[in-house]
Amino acid sequence: MLLEVVTGFSGRYTALMLINCVAYQDGRKLADIQPADIHLYLDRPGCFVWVALREADPATLHELQKQFGLHPLAVEDACHGHQRPKIEEFGDSLFVVLHMLELNGTELRVGEVNIFAGPNYVLSVRSGVEKGFQDVRTRCENEAHLLKHGSAYVLYALMDAVVDRYFPVLDHLESEMEAVEERIFAADSSARANIEALYSLKQQLMTVKHAVTPLLEAIANLAGARVPALLTGMREYFRDIYDHLQRLNLTIDSTRETITTAISVNLSMITLQESETMKQLAAYAALIAVPTLIVGIYGMNFEHMPELKWRYGYGLALAGMAILDGILFYRFRKARWL
Amino acid sequence: MLLEVVTGFSGRYTALMLINCVAYQDGRKLADIQPADIHLYLDRPGCFVWVALREADPATLHELQKQFGLHPLAVEDACHGHQRPKIEEFGDSLFVVLHMLELNGTELRVGEVNIFAGPNYVLSVRSGVEKGFQDVRTRCENEAHLLKHGSAYVLYALMDAVVDRYFPVLDHLESEMEAVEERIFAADSSARANIEALYSLKQQLMTVKHAVTPLLEAIANLAGARVPALLTGMREYFRDIYDHLQRLNLTIDSTRETITTAISVNLSMITLQESETMKQLAAYAALIAVPTLIVGIYGMNFEHMPELKWRYGYGLALAGMAILDGILFYRFRKARWL
Amino acid sequence: MLLEVVTGFSGRYTALMLINCVAYQDGRKLADIQPADIHLYLDRPGCFVWVALREADPATLHELQKQFGLHPLAVEDACHGHQRPKIEEFGDSLFVVLHMLELNGTELRVGEVNIFAGPNYVLSVRSGVEKGFQDVRTRCENEAHLLKHGSAYVLYALMDAVVDRYFPVLDHLESEMEAVEERIFAADSSARANIEALYSLKQQLMTVKHAVTPLLEAIANLAGARVPALLTGMREYFRDIYDHLQRLNLTIDSTRETITTAISVNLSMITLQESETMKQLAAYAALIAVPTLIVGIYGMNFEHMPELKWRYGYGLALAGMAILDGILFYRFRKARWL
Amino acid sequence: MLLEVVTGFSGRYTALMLINCVAYQDGRKLADIQPADIHLYLDRPGCFVWVALREADPATLHELQKQFGLHPLAVEDACHGHQRPKIEEFGDSLFVVLHMLELNGTELRVGEVNIFAGPNYVLSVRSGVEKGFQDVRTRCENEAHLLKHGSAYVLYALMDAVVDRYFPVLDHLESEMEAVEERIFAADSSARANIEALYSLKQQLMTVKHAVTPLLEAIANLAGARVPALLTGMREYFRDIYDHLQRLNLTIDSTRETITTAISVNLSMITLQESETMKQLAAYAALIAVPTLIVGIYGMNFEHMPELKWRYGYGLALAGMAILDGILFYRFRKARWL
Amino acid sequence: MLLEVVTGFSGRYTALMLINCVAYQDGRKLADIQPADIHLYLDRPGCFVWVALREADPATLHELQKQFGLHPLAVEDACHGHQRPKIEEFGDSLFVVLHMLELNGTELRVGEVNIFAGPNYVLSVRSGVEKGFQDVRTRCENEAHLLKHGSAYVLYALMDAVVDRYFPVLDHLESEMEAVEERIFAADSSARANIEALYSLKQQLMTVKHAVTPLLEAIANLAGARVPALLTGMREYFRDIYDHLQRLNLTIDSTRETITTAISVNLSMITLQESETMKQLAAYAALIAVPTLIVGIYGMNFEHMPELKWRYGYGLALAGMAILDGILFYRFRKARWL
């Protein structure tokens, strides 16, 4: 059917771009519809259309702009991408930009979803990440009593899903941090690797912070005094998202502070290790320098050096040096230089 | 009797989970009641039910949700646990999340208590820590004139108890900090142990801060302009908790700053000690190098070196070296290199 | 024609100073006019004059001050230059100061544009940078439906253009930062060059921040509650600029934090490298000191040193030393000291 | 007479605890009264009682609580001590907690004064410091025209006295700081002593800050919009205290920043000194190593070494070494290594 | 005439203390008057008196307090000096404290001016700096149309003059900073001198900040919502001062941040230089140690060492050592150790 859509709508949609286009009424799914028919459903009372796109091109966006009457500045932002997370009101509709975070092994991938929500439509445009919102749609369709709230509930469900996906990412960073902490205080760890890991963690944390903090500020308004008309009656739900974001923010801030502390602690450990290495080296140097002085003594050319004539002079000298080094070694070990 | 309860209420409560379920009227204890009978007491005028659970499972919580009419989002939070401390209003009832801190030797254990409070009930769900609220209940039952305030007073008493338990934890951290301070400036301390102690103190302090700061923000509202209906007339009591939290916060912040300073001071001490060790090593090196040069001189093979023929040349050379080292040693000692 | 203007207006305008002087009505260009005729157009309904100057001298500014009725304090600021970015209201007109940033190779050039905007005029005075606003004028003239908004739209278009030109500058700094990051962790990089690069990046970033942050504060008012009369109906456009500035600000702040982290990480790397060099040196020192001790032994003058008489004593000694050094070398290599 | 009081008032007051108990009317002292008679004076129009205690025990406080009708939460705070500086309203009376700072040699002693002030009474409870408020009482009694303002003026006079005593403490810390600054840059100072001094200064400064900052916040309200009824007409006086606190706060903050800078500068100086010491050591090492090489050369056993046969070979060799060291010494001195 | 004044006014004014005492009406100078006659002019409509003092003693101030009806708290502040910059309202008059900064060579001198301004008088009391306000008076007298605004305009002119004198001071600090920056990265600079310069710059900057920041906060109110009656109609002028202060503040903050960065960069440079010196030393050590080993070899006493018998053995050994050192030198140079 998707292929049909592609040809039926001026041939511009590809199966890749359009994921879903469904009309709902009174909390129940009405039908998969064709994009070209959207306007037929927008005027029905209690009905709204939920369209999901991915990696949409400007042309497609401009066509949907006409269907839904989207504001040009919002569409322009969606076309350009790389926006700061934000929630903007345009008349009675909202334009929401969220960052999406995906762990790909240890690499952090940043995508974006732009959501246009009006009284009778929700349009989500996702880019840059693999995982979509099929699970959100399924959950919504199973909870007819909530979906009755209309497009506002869908907006909440999408935002909630995006925010909930931040938690495992942050958990990952926290456990990485704990691993680094252990290594810092371990005797045999590579300080160089620790520094690199801390630096990289800091950078990844900043990426998460860029997703969370601006959204926190933006959503404070939705949960605060002046609620947009669209979200009337949903206040407690958005306060719940706000609460999740605050928890994320708290964790980010404390992890950030921990990293800063860890970097300076690591520097202390490096300096300390340098100092310990220096002592160790000095101890070994002494173990060599002392006998070197002694052999020097017996290398002197004085005529009257009785020891030189002794039968076991040589042996005694060697033994003396060995004993001296033994004593030194014992004392260095006791002083923990060796 | 508790076992009776367990079987009488669909067999789901275990003695471990349900601690108390008591109805109160006009400041006096009415009766230990069975959870299944809670609804019988909720409508009596001047009567409220105070239930204490620990490590409650979702099923239990959902049953109590029905009994008390709790908000689903609040119950969901209580089921998940690991919340940020907060105070949320749902209609005329409050949902309060507090962190509980317990010192287990030198280890800091973090638990959580979720309190649901409405006009005629208080439900506390504790998890992760040993010590409960039996002492709070006893104190409340002994102060009938205060317990007359109803569930709001119980909420205050619980919160006050949780906050008061932060003080010994913080005192412990402060005295640990003082111990580290002394060690930092002591000549023979292990810089490595100091760093580890400072880092660990910082982490523990962050844990306390996470319990205190969000609560401080949340309670500012209870003590501030718009007081929830439930707490009318209790303003001065909550301002008292607020004041305690501010004191804790002040101590946390200054200890945190002290730790930061101590870390950088410790780095200075390490660098300084390295520098002093270097001087010490250099002094010892000189004590060896100077005689090494002298023995080298008398190891030269010139034909005409009169000293070599002297009867006591060897002895004089040795004595000379000893005297030279003595002078050097004296001067190094005077310069505090040794 | 410009030359004509120069002579027609008391000979003071040079072609360099006056770039354009055009009257517009209802979104369409009316005519290139002479500065001396400006007053003829100011009173026509729906008409406004847009004058663009560069490197204007005080005399010219004072003449235009009379034509447009500009406020003396604003003109004084424009004469002095080197202002902080700001937006000031004087009655029903606005005085806007913006910094202009231009990359000249790797050097960052800072210019300034002062814009005077009233209901029926816009006067822009640019200084210190090459690129002007010809493209803005062209775009405006092509969008008659927007230009109908009058001088407020021109003000928006100018500010939007200036702010949009900050992005490539910041992109440049970010990619420089990434280059430095890679070098910091590379084994063979010059720490000295890294420090200089980080310091210079920080300075350039501060320059960008000085352009962005004060403007962000100033424009918050235009997009906020009390909008100046001149900008009525343009709120969403200025919110768009505000949003761009916030994005810039976020990037500046995080890059700044990254630089701070990088400086301290770089210090750690220097200390670490010093420590590694020390180990390397110590290893080499051992490779020399150990055989030196041995040759010392065989330089002793004991009468009874059997090895000295051996036929291959010398060869064996040399071989022994070589083998010893070989073993040492192998062990140092294994311990990664060499 | 004080002893009489002790016995007359259920034997609980000791001369140590009760300092003064005086009734005033219309700015003049009425009489030293006995605590038991306080209630006789409270109802007289234009009359107020001013009681000064020190190191009061809970029993005494509870009795005065009954006499004056103090709020139980305030009295509880006064009994516990160790409060944060604060100003709390309880109905028409105020409860004020101030820290008192006293220099005892170089040690900083922290005391506390709790002041209960109502329309017709002032009760001050001091603990932990030597110096009391006798001078304040004397000054007040000499300024009848001001004392006519009643208890509010006494409250002002007490707070003003406490705050004024912060200045010499801070002056002391500032001059200590200046002494440390000079030592940091002096060539022969002990870096270790400097670090300890800076750390201790920082700690003492934090103590002063804990006295000043919370009070500053609290008093901002007294000087600000909503003034408690008790203080009507005294606004300018409390603004004066506020101004003093701001001055103190400014000095504290800048000294704190200076200490932070000084700690990092001190670390630079330590590193620098280490580096200079290293050069010095290396220079001395060279002065020994070079002749050691030369004596080694003439210690070689080649058959054909013509110098060895020379009459003055030995002397020339010694002289050569001396000259070489002379040249080296000269060059090291010139390069400022020695 | 000034001497006359001194005797005519109870002999207390000295020529040094009283600079000017002039009455103005409708923007024109009326007459130089004697302090004793001030009251004669205060009641004339449209007339105000402008008195300028320097290093005034308390007695003089108290006499003028009576003449002008100044508030005792303000006069007390002026007598004590060393105030924080501030603007305080006392009824319909203002009390303004400003810091004055003067460069005396490279030393920064801090003075103070206290201005009392009421509807019909301005009294300025300057202390601690050389330069007065004669130029301000001259400018005011030349601008009759502005001086018509009365005492408020004089207050503005004085404040504007004080603030404008901050700019050259800050410019001086900035150019000092640039000089230090260049030195930090220069190869042959003295790190010690750089640290001292940075520390001193920081201190001087703090002095400027103490002059600017409190004033900025104070003046925000004058330019903000609630303007004191005295300054009605002068809002744009005070906004202009506010704008200058913000520019100063911005520069101070960024210079401060630059200094902090420079200190840490300087530490990196010191550590780096230490590391480079260490390599250099190690290279030289190798140039000595390697031949020392070789001479040791030929100092061994083995009977069978063929080289020792060679005719040119000695020469070859010396040459070998020279060549070896040559190779080493070449390689160290290539690795940039030398």
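For reference, chains read A, B, C, D and E in written order, and residue numbers begin at 1 within each chain.
As a working rule, contacts are C-beta pairs under 8 Å (C-beta built on N, C-alpha and C of every residue); 3 or more make two chains touch, one makes a residue touch a chain.
Just so it is clear, the structure is predicted and the values come from calculations on it, not from any experiment.
With contact taken as defined at the outset, subunit B and subunit E are each touched by D. Comparing the residue numbers each copy contributes, subunit D and subunit E share less than half of them at their mutual interface.
Inter-chain spacing, taken between the CA centroids of subunit B and subunit D, is 27 Å. Spacing of subunit C relative to subunit D, judged by their CA centroids, is 44 angstrom. Within subunit E, contacts with two or more other chains are made by residues 264, 267, 271, 274, 278, 285, 289, 292, 296, 299-301, 305.
Tracing the ring of inter-chain contacts outward from subunit D, first into subunit E, gives the chain sequence D, E, C, A, B. Those residues of subunit A whose C-beta lies close enough to touch subunit B in the complex are 181, 185, 236-237, 239-240, 243, 246-247, 250, 254, 257-258, 261-262, 264-265, 267-269, 271-272, 274-275, 278-279, 282, 285-286, 289-290, 292-293, 296-297, 299-305.
Subunit B meets subunit A in the complex at residues 71, 73, 83-84, 86, 88, 90, 191-192, 195-196, 198-199, 202-203, 206, 209-210, 214, 260, 263-264, 266-267, 270-271, 273-274, 277-278, 281, 284-285, 288-289, 291-292, 295-296, 298-301, 305, 307-314, 317-318.
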